[in-house]
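Shared between the two complexes below is subunit A, which pairs with subunit B and subunit C, respectively.
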Partner chain A sequence: MRRREALAKLTGRERYVDDLPLDDFLWGMTVRSPAPRGRVTAIRFGTDIAWPEFVVVDHRDIPGPNVVALIEQDQPVLAAGYVRHVHEPVLLLAHPSREALRRAARSIEVVVAPEPPALDFRAPPGPAEIQYGTDNVLKRLQIVKGDVERALARAAVVVSGTYETGAQEHVYLEPQGMIASFEGAVLVVKGSMQCPYYVLKALQHALAREEALVRVIQTPTGGGFGGKEEFPSHIALHAALLALKSGRPVKLIYDRGEDMAATTKRHPALVRHRTGLGRDGRLLAQDIEVVIDGGAYVTLSPVVLSRAIIHAAGPYACDHVRISGRAMFTNAVPFGAFRGFGAPQSQFAGERHMDVIARTLGMDAVELRRINLLADGQSTATGQVIQDGTDRLAVMERALELSRYREKQRGHAAFNATHATLRRGSGLATFYHGAGFTGGGEVALQSRVRVAGRPDGRIEVLSANIEMGQGTLTVFTELAAARLGVAPEDVTVAEADTARVPNSGPTVASRTTMIVGGLLERAADDLRRRVGLDDTARGAAVQQAIRRWHREHPGEPLVGEAAYERPPGIAWDDTTYRGDAYGAFAWAAYVAEVEVDLRTCATRVIDFVAVQEVGKVLNPTLAKGQVQGGVVQGIGWALMEECKWREGAMANNQLTNYLIPTSDDVPSVRVAFLENPYPHGAGGAKGLGELPIDGPAPAIANAVARATGADPRAIPLTPEKLMELLEIADFGLRIADSAP
Partner chain B sequence: MNGHSAIRNPQSAIPITFTLNGKPVSLGVDPAARLLDTLRYQLALTGTKEGCGEGECGACTVYLDGVPVNSCLVPTYQVRGQRVETVESLEPGALEPFERCGATQCGACTPGVVMTASWIREHPELLATHSIRELMAGNLCRCTGYDGIVDSVAEALREPGSGKRDT
Partner chain C sequence: MNVLLPGSLPEALDMLASDGAAIPIAGGTDLLVHWPVRVDAHDRTYVDLSRLDALKPLSWTADELVLGGLTTYWDVIRDARAAQEFPLLGNAARQVGAIQIQARGTWAGNIVNASPAADGVPVLMAYDAVVVLESRRGREQVPLDRFYSGYKEMRRHPDQLVVEIRIPRRPYSYQVFEKVGGRRAQAIAKVGLAVTRSGAGWRVVAASVAPTIRRCPAVERLLETGTAIASPEALLPAVARDVAPIDDIRSSARYRTHVMARLLYHDLRDFWGKRG
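Up next, the complex of A and B:
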C-alpha cells in the first residue's frame, strides 16, 4: 500500500501546526537565560516598548507546581530566580505582531549573577561546580555478568580503547510549535509532537488541571527523530500559560535558530573499553565504561544511559562482562531523546573497538566478528538468552556479498598503491537494536488500543501513536485491513486527540509497529468478538455484522480494545539489570565504502550496503525508506554534523554552519532485509526505526581507518579532525590511547 | 485573512501587483516582508514551508518568473510585475512517481522538493551536465536519505510530458 497521506504532502495540502487557520490570536515568544548558571538578579524591560500591549508571563503565573513532569520533577517550566543553562526559559511574551514581539524580546535584559558552571562531562567536577548530589552524577547503572577482573587477568591479550561521540541536532525539517486555545473551559493544545499523553500529563501537572479540562491534539508532524518526544511539553506549557493569561489563542512557533539553540540533542558520550581475548580472538572479558552528558536537567538521561549500556557489549557472546554507566549533570542545554537513544553512541565505540582489536591481533575484522557473534542459546550482557532463530552470520555474509567486500578490499589495495591523492577503504559494523521500552517499561506503560466499528461498516483505529513520516498511518491501516480482511479504503486512523484516543504509549523506541500494532491486531479481534464472530471471520462478514450490531444498538459505540500483555517467558529485574532487556532484537550488518581525499582530508561515502533482519517487513517501500533515512542521518553524524559549544549552548545554531547531508553528499543506500517473523510482533514485525542509525558511524570510521591508516576514535570525523590524525600517522606516531 | 497580518505598519505598505499561480494579485506589503510570509500569512498559501529562514533548506522553494528560488530570501516588493508559482500550482497527477517511489515521509521538505523536481522535469537538458543528486542538493530532507527523491525524479523524467513546459 502507498503512504496514505502522500498526496496531501506532495501537493502542500497537509496542514502542519503553523499552517492551521486561526483567528484573533497572539504570537508567543520565549525570553531565555544568557548565562549557564547563576541567580537572576534583575529583569530589565526596554523603555521604548509599549508594554501594556504585551502579555508577559513569568514563573509566578504557573497555577500548579513549576515543573515539566517527566522522570524526575526537576526541570522548571520557567526559571524561578535561578538558571542552570544558557537559553533556559525565563519569561514568556505574547503580542499580535511577531515583529513587535521580536523587538520587545530583544529589549529585555535578564541579569544573572554568574556562578561557576560545569561544562565538561568527561572531567570530574571541581567543588564549586557540584550541583547535583555530591558528584554531579545524574544516574549510575551497572551490568555485571561473570567475573570480569578474573577473566581479564587470565586473557592472553587485553586491548583497551577510548571512544567519543559528539552531540547531534535532529534537524526535523518542521521546527517545533504549538497552539493553545480554549473551547469553553477546556484547554486545547495542538502541535507537532510524538507523545500526546506526555504533553497532557505535563499540562495537567503544572497547570493543576484535571484531565477532562485539558485536550491535546497532534498535528501532522514534520519529523521527530526523538526531538519531539519530551520537548513539546515545554512549548505546550509555554503556549498554554500565555493563553491562560491573555484569554486568547496563542501560537508559539520556533524558528530554526531558536529550535537548534534551545531544544535537546543527542547525548555526547565517552566510552572506554578494556577487552580480554584468547589468542584465537575469542572474547573472554569485556569491561566497558559509558559516560554521557545529560546537561542541566535529568530529562530522559537515565533511560538513554540504560539503552546505551545494554547495547554496549555488541551482538557478541562473552561470559564475563561489566558495563558501568554514568549520566553527568552539566550546565549544558539538556540532552534528550534522539533516534537510537544511547545505542548509537555505545555501538560506535564497540564496533570501532572490534576493528582496533583486529588490528592489534593482526586478525581479519570479519573473522573476529564471525567467531564472536551471538549464536542461538548464547546470552547477552544482561543474561538474555537469544533463541530467535535468526542466522546472524547470514546477515553479515549477505552484507559482505552485496558490497563485494573481499573483492573491493583487493581493489582498494591496488588503487591506494597507485593513486596520488585518493585513498579508498571499506568498513564493517555488525550490531543490534532492542525494540520497545527497556525491561519492564512496556508493562509500566499499560498501553491500550481501540478499534471501532462504525455504523456504515467502516473500521476506525484509535491510538495515541502518531505519524511523523515513519509511516504509522499506512502501517496501521494495513494491519487493521489485513486482520479483518477488509479493504484499506474502509479503514481510517483517528487523529491523535487525547479526548478521543486511548493512551497507547509514546511514539518512540521503535515500538509503534511491533508493539502498538500488535495491540491493534488484538483490538480488531476483540471488535470481531463483540459482534458475535470468531477470529476466522473476515471481510464482508465482519462489516455486515458491524452494521447489524449498530442497527440493534442504535447510538451505542462499538469498540474493540486490547491492553499490553508481556509476551510469555520474558523476565527482567530492574534492580540487578539482569534478564530479558527487550522482547526482540533486530540484527544488522552494514558496510561503508569511503574515499578520502588526502588534499582536503574530506571523506566521501561512495557506497553503502545495509542488511538487516527485522522480522517480517510489513511495507517494503516504507521500511526501505526508514533504513535509507537512518543511514544518511548516521553518515551526517559520522562525518559532518558538529555542534560547536559556547558555555554549554550550541553556537552554530543555523543550517549555514551546522551541516547535514544533501543529496549530493551521499551515495544511494543499498538495502536488503532478511526476514524471520517475530511471533509477538504485529504481522511478525520487529522494531525498525532506530536500528539504521547505529551502524553507519562505526562502519565509516572503520573504512577511513582502512583507507588511510589513521586511527579515528571520535566522531564527527570532520576534515579538520582527520587532518590531525593523518599528520600523526604521517610522522609514524602511534595514536596515544589515553583518556582525554 | 487567516488571522495573520504581514503588514506591520499600514502607512508604510507598498502596493504591488504580480501574477500568482496564473492569476493577477494586488496587495499592499510591508517593505520588509518576505515572499514566504506574504504567501503563507497574507495569501493563506501554506503549502510553501519555512524550514530554516536563511536559504539553506529549500523547503520554501517557489518559481519566480519560472526559476526556482528560496522565498524566504525574497522581499515581497521585489516580485512586482513578476510571475510567482507555488506548490499549489502543480498538477497533482504529475506527482504520482513521487508517491510511488517514497519521495515523501514527514512531508515538511516535500513541497520544496517537488517544486525543484518538477523544474528539473521541465528542463531535462540539465541532466547533460548535472546529476539529479547535484540538482536536488538545494533541498534538504532529513527522512528519506534522498534515494526515494532521486528515484522519483528519475521516474518523473521518464513520464510522458517531461520537458514540455516553456519557462
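Up next, the complex of A and C:
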C-alpha cells in the first residue's frame, strides 16, 4: 500500500503548524538565560522598544505549579529567579510582528550572578558544584546476575575498556512549534508532537485546568526521533501562557538556531567494561558501568538510563553480570529522548568492546560472537529467558553472506598493502532492541484504542499515536483493513485530537505498531462483536452489519475498544531489576565497509548491510525505509555529528556547522529481514523503529579499526580525532618494529 | 531594510557613491543564510544588482576569460570551453553549496564576501585572476593575490563594484583543486587547496588556513627549486611559513596544517625533488 500522506508531503500540500491559517494572532518568543548557573539579579528591558505593545509573561503569570510535569516535578516552566542552564526560559514575549519581537527580545538583558557550574558528567563534581542530592546523581540503577567478582577472579583473561559517545541533535526537518488559542473556555493547543497526552497533562498541571478545558491536537509532524516526545510540553505551555495573558491566539515557532540550541539532544555517555573470558573466548563475567549526562533537569534520564543498562551486556549469554548505571546532573541544556533511548550508547560500547576483546585474544571477531550469542533457553542480564525461536546465528550469517564479509577481508588485505593513501576494512555489530516500554511500563500506561464503525460502513481508527514520517497512518490503515477484510480506502485514521481520541500512550519506544497496533486489532474485533458478528466475519458482511446497526441505533456512536493487557508469562520486578524487561526483542547483525583516506583521515562508509529479525514485516517498503534512515542517522552519529559545547550549550547550533550526512556520504544500504512472527504483536510484528540506530556506530568504528589499525573508543570519530589515533597507532607500530 | 534597484551600471555606481554604507548584493546567498539571526543587517541599504544584465555573461578574448560581475558558478559549470581550459573553476563551482546556490551565487560575490573558506577564490587566484573594480572615479585592476589585506579586509572601496574578473589564458601542465570539508558535499572547507603550473611558474593557493585565501610562496619556492621532499612532515616548515590556521568550530589548527602538508605531498608526489 502507498503511504497515506505521501502525496500531500511530496506536493507540498501538507500543512504543518507554521502553515496553518490563523487570524489576528501574536507571535511568541522566549527570552533565555545567558549563564549556566546562578541567581537572576535583574532583567533589563531595552529603552528603545515600545513595551506597551508587547505581552510579557514571567513565572508569576503561571496559574498552577511552576513545573513541566514529567517523571520528577523539578523543571520549571519559566525560571523563577534562578537558572540552571544556558538557554533556560526566563521570560516570554508576544507581539503581532515577528521582526519587532526579535528586536525586543535582543534588547532584554537577563543578569545572572554566576555560581560554579558542573559541566563534565564524567568527573566527580567539586563541592561547590553539587546541586542535586549529595553527589549530583540524578538516578542510580543496578542489574546483578550471578557473582561477577568471583567469576572475574577465576577468568583466564580479563579485558577492560572505556568507551564514550557524544550528544546528537535530532535534526527533524520541521523545527518545533505550537499554536495556542481559545474555543470558548477551552484552551486549544496545536502543534508538532509525538505525545498529545503528555502535552495535555503538562498543560493541565501548570495551568491548573481540568481536562475538559484543555484540548491538544497534533498537526502533521515533520520528524521527531524522540525530540518531540517530552519537549513539546514546554512550547505548548509557553504559547498557552501568552495566549492566556493576551487573550489572543499565539504562535510560537522555533527557528533552526533556537531549536538546536535550546531543545534536548541524545545523552552523552561513558561506559566502562571489565570482561572475564575463557581462553576459548567464552564470556564468563561482564562488569559494566554506564554513566550518562542528564543535564540540568531530570526529564526522561532515569528511563533512558534504564534502557541503557538493560541493553549494555549485548545479545550474549553470560552467567555473571553486574551493570551499574548513573545519570548525572550537570548544568548542560537537559538531554532527552532520542531514537534508541540509551541503548545505542551502551551497545556502541559493548560491540566495540567485543572487537577489542577479539583483538586482545587474537581471535576472530565473528567467532567470538558466534560462541557467545544467546541461544533459546539462555537468559539476558536481567534473567529474561529468551525462548522466541529466532536463530540469532542465522541473522549474523545472513549479514556476513550478503556483505561478502570473508571475501572482502581478503580483498582489503591486498588493497591496503598496495594503496598509497587509502585503507579499507569491514566491521560487524550484533545487537538487539527491546520493544515497548520497559518492565511494567506498558501496564502502567493503560493504553486504549478505539475502532469506530461509521453510518456509511467506513471504519475509523482512533488513537493518540501519531504520524511523524515513520508510517503510522499507513500501517494502522493496513492493520484495520486486514483485520476486518475491508478495502484500505474504507479506513480512515482520526486526527490525534485529545477531545476525540483515547490515550493509547506515547508514540515512542518502538511500540506503535507492535503494541498499539495489537490494541487496534482487538478493538476491531470488539467492533465486529458489537454488530453481532464473530471474528471470522470479513469485508462486505462487516460493513453491511455496521450500516444496519446505525439504522437500528440512529445517532448513536458505534465504537469497538481495547485496553492493554500484559502478555501471558511476562514478569518484571522493578525493585530488583530482574525479570522480563520487554515483551519482545528484535535481533540484528550489521556490517559496515569503510574506506579511510590517510591524507585527510576522513572515513567514508562504502557499503552497508543491515539484517534483522523483527517478527513479521507488515509493510516491507516502510520497514526498509526505517532501517535505511536509522543507518544514515547512525553514520552521522558515528562520524560527523558533533555537538561543540560552550558552558553546557551547543555552540554549533547551525546546520552549516553541525553536519549530518548528505546523500553523497551514504552508501547503498542493503536491508534484509528474517521473519519469525511474534504472537503478541500486531500481525506478528515486533518493534522496529529504534533498532537500526543501535548497530551502525559500532560496526563503523570496528571497520575503521580493521582498516587502519587504530583503536577508536569514542564517537563521533571525526577526521581530527582519527588523525590523533592514527599517529598513536603509527607510533605503536614503530615501537613494535624496533623491538628485538 | 532598504533595497535600491538600479537599472544600469552608472546608476548603480551613483547609488554606491552617494551612500557609503550601501551594500551591493548579487546572488544574495551569503546574506540570506544568516538573515534570521543577523537582525542588524535588516536596517541596512542594499543595492540589488540583478537588473544589470551587462554584468552577467562570461566572455572570451584572445588572451583572457572574462567573468562578469554577475557571472554565476552555474554559468561556468555550463561552459564547455571553461571546463577544458580552466577545469578547476568548474571543480570548485560544483563544491559550492548545492545546485540552488551554484545557480545564484556569483564569482564576484565570492571574492568580496572575503571568506577565508571560499571555494571560488582559491582557483581564481591559482589562475592569476585580476579583479576589475569600477566606480564613478574610474576603473582599477587589482591582481586577486594582492586583493586581500586581512580578515574580511580588501582593496575595494565602498563605492566600487567588481565588474569583471579577468583570467589569463595559458597552457597548464598541472592543476588540482582539493576541498576537505566535514562531509562530501555542502560543507564549508576545513582546508582548501588549488595548485597550478604554467609558464608563469607554480601557484599554490590555500583556503581556510589563514585570515584570507592566500598564496603559499614558501611551498611554491620548494617546487620551483626542486627541493627534495621525502615526507609530508618535510613540508611542515614551509607550510608554517605560508599559513596561520586556527582552532575554530569546524576544525583544529593542527589538523589543518597536517592535512595541507599531506595533500601537497601526495598530490605533487611526481614534482618534489628527489634526494641524491
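Here is the rule we go by: the second predicted complex is superposed on the first by the 732 of 740 C-alpha atoms of A that agree within 3 Å, B and C clash if a C-alpha of one lies under 4 Å from a C-alpha of the other, contacts with A are read in each partner's own complex, and residues count from 1 in each chain.
Here, a contact is a pair of C-beta atoms (placed from the backbone, for glycine too) under 8 Å apart; a residue touches a chain by one contact, two chains touch by 3 or more.
Quick caveat: nothing in here was measured; it's all calculated off a predicted structure.
Applying the stated contact rule after C-alpha superposition, one finds that A:P506 touches neither subunit B nor subunit C.
Counting the residues of subunit A that each partner touches, subunit B and subunit C differ, and the larger count belongs to B. Touch criterion met: A:G469 reaches subunit B, while subunit C stays clear of it. In the superposed model, A:Y172 makes contact with subunit B only, not with subunit C. Looking at the shared chain after the overlay, A:D23 reaches subunit B, while subunit C stays out of its contact range.
Of the two partner chains placed around the shared chain by superposition, subunit B and subunit C are both touched by A:D664. In the superposition on chain A, A:V631 makes contact with subunit B only, while subunit C stays out of contact range. Shared-chain residue A:T656: touches subunit B and subunit C both. Of the two partner chains placed around the shared chain by superposition, subunit B and subunit C are both touched by A:E99. Of the two partner chains placed by the overlay, only subunit B lies in contact with A:R2; subunit C stays clear of it. On subunit A, the patch touched by subunit B and the patch touched by subunit C overlap at residues 99, 255, 257, 656, 661-665. In the complex of the two chains, the subunit C residues touching subunit A come out as 33, 36-37, 39, 42, 180, 182-188, 191, 249-252, 254-255, 258-259, 262-263, 266.
The residues of subunit B lying in touch with subunit A in their complex are 2-3, 5, 8, 32, 40, 44-54, 56-57, 59, 86-88, 90, 92, 95, 98-111, 114, 131-134, 136-150. Listed in rising order, the residues of subunit A touching subunit C in the complex are 99, 102-103, 106, 255, 257, 420-421, 598-602, 604, 640, 644, 651-652, 656-657, 659, 661-665, 718-720, 723.
Partner subunit B is touched in their complex by these residues of subunit A: 2-3, 5-16, 18-19, 21-25, 96-97, 99-100, 170-175, 220-225, 255-257, 468-471, 621-622, 624-625, 627-633, 654-656, 660-666, 668-669.
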